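Shown next, in structure tokens, is the structure this report addresses.
Labels run A, B, C, D, E and F following the written order; every chain starts at residue 1.
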Amino acid sequence: MATSLRNHVKGKVKEIVPGPAVCEVEIETSAGTLSSVITARSLQELGLKVGDEVRAVVKSTEVGIEKP
Amino acid sequence: MATSLRNHVKGKVKEIVPGPAVCEVEIETSAGTLSSVITARSLQELGLKVGDEVRAVVKSTEVGIEKP
Amino acid sequence: MATSLRNHVKGKVKEIVPGPAVCEVEIETSAGTLSSVITARSLQELGLKVGDEVRAVVKSTEVGIEKP
Amino acid sequence: MATSLRNHVKGKVKEIVPGPAVCEVEIETSAGTLSSVITARSLQELGLKVGDEVRAVVKSTEVGIEKP
Amino acid sequence: MATSLRNHVKGKVKEIVPGPAVCEVEIETSAGTLSSVITARSLQELGLKVGDEVRAVVKSTEVGIEKP
Amino acid sequence: MATSLRNHVKGKVKEIVPGPAVCEVEIETSAGTLSSVITARSLQELGLKVGDEVRAVVKSTEVGIEKP
């Protein structure tokens, strides 16, 4: 399934902060730690656990830019 | 200014696709190319050009997860 | 590739409003017309054209609720 | 009140996953089940319960596209 | 129509940066200028023009926090 | 650090609805109360508490427009 979402960053699940409706998942990537908030159901359905190989996915419109 | 936005990825502006209201900016990072859509005004005010050192910034709620 | 994104709605490309950096794509679904804004590059790379079978994809955090 | 948000999908509340700050609400629509994450306060103020007629609302910029 | 979107800020259209698919609309509010990106179609359908009384609307999940 | 994010609204933390993974923070601004959902970790790292001077920050693409 090809997708219009342009940002896919490989990494490993580093830590999971659980919650009843949503949870935070930290992903260790070659560009540092990324933080994702997904539903608790998706966490369960994906069977995510620390050490899993995953990809962080982000739509381009959600990415801002900072300049020193 | 400390921020609640948890994702900041360092990189270099690789390419800019201009547009009258918004533009796409590609950023080369150690985790691959990231794509950002920002307003044309921000592009101008930041004076962004290819080669600039920047950071891609994303709110955690906007980051999904894919698992092979 | 399993994903945490929970909303996938099948439909057909109904209309494309082109733009240099981003474009709007209207998708006819069984729940009515959905509108998506994606980058012009994604439009090109996906080779999208009117009549194509596609799926609209949305992260749960981006969906609000209205009640009459 | 006219709105720029272009996606409004009718449906019925199917299930609610409660949480202290945010909750997930599943909505049964003619295009399948949609998942929304809203604040617990909005859930309370809207008085949402299973079976309620509602509309899922999404801004076009938040909708991506997948193509088989 | 009651909504789960919790942020509605009154203001006046200050400036419109047109574009073929999306446009930027600046809104003068009592808390300063707010910037919105909406589809060109929504701009047209709402018949927005400088001076119009409007409300900026934002979902809570899209609002970050900065602290000096 | 200059940013492409164009919306920064000054205010004071009015109330915090805690949660294990994310929390809601209400901010009193000159344009009324704004609601933000951030991760519990960011709440902790920013050391946010009621009465703190903060800024709500929103990307332009996340701002819609309503017209009476």
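Details
Methods note: contacts are C-beta pairs under 8 Å (C-beta built on N, C-alpha and C of every residue); 3 or more make two chains touch, one makes a residue touch a chain.
Chains and their UniProt names: A, B, C, D, E, F = Transporter.
This is a predicted model, so every value here is computed, not measured.
Any chain touching chain B (Transporter) that also touches chain D (Transporter) appears here: A, C, E, F. Taking each chain's centre as the mean of its C-alpha atoms, the one that lies farthest from the centre of chain A (Transporter) is E. The pair from D-F, B-F or E-F that reproduces the interface of A-B, where over half of the contact pairs by residue number are the same, turns out to be E-F.
Compared with chain D (Transporter), the chain whose C-alpha mean position is the greatest distance off is B. Averaging Cα coordinates per chain places chain C (Transporter) and chain D (Transporter) 17 Å apart. Each chain gets one centre point, the mean of its Cα atoms, and the points for chain A (Transporter) and chain E (Transporter) are 28 Å apart. One inter-chain figure worth recording: chain A (Transporter) and chain F (Transporter) are separated by 22 Å, centre to centre, where each centre is the mean of the chain's CA atoms.
In chain A (Transporter), the residues touching two or more other chains are 1-6, 19-20, 22, 24, 35-39, 41-42, 46, 55, 57, 59-62, 64-68. Under the touch rule stated earlier, the contacting chain pairs are A-B, A-C, A-D, A-F, B-C, B-E, B-F, C-D, C-E, D-E, D-F, E-F.
Listing the residues of chain F (Transporter) that touch chain E (Transporter) in their complex gives 6-11, 24-25, 27, 29-32, 34-38, 42, 46-48, 52-68. On the side of chain D (Transporter), the complex with chain A (Transporter) involves touching residues 17-20, 22-24, 35, 37, 61-62, 64-68. Those residues of chain D (Transporter) lying in contact with chain E (Transporter) across their complex are 1-6, 22, 36-39, 41-43, 45-46, 55, 57, 59-61. Per the touch definition, chain F (Transporter) reaches chain A (Transporter) in the complex via residues 1-5, 19-22, 39-41, 59, 61.
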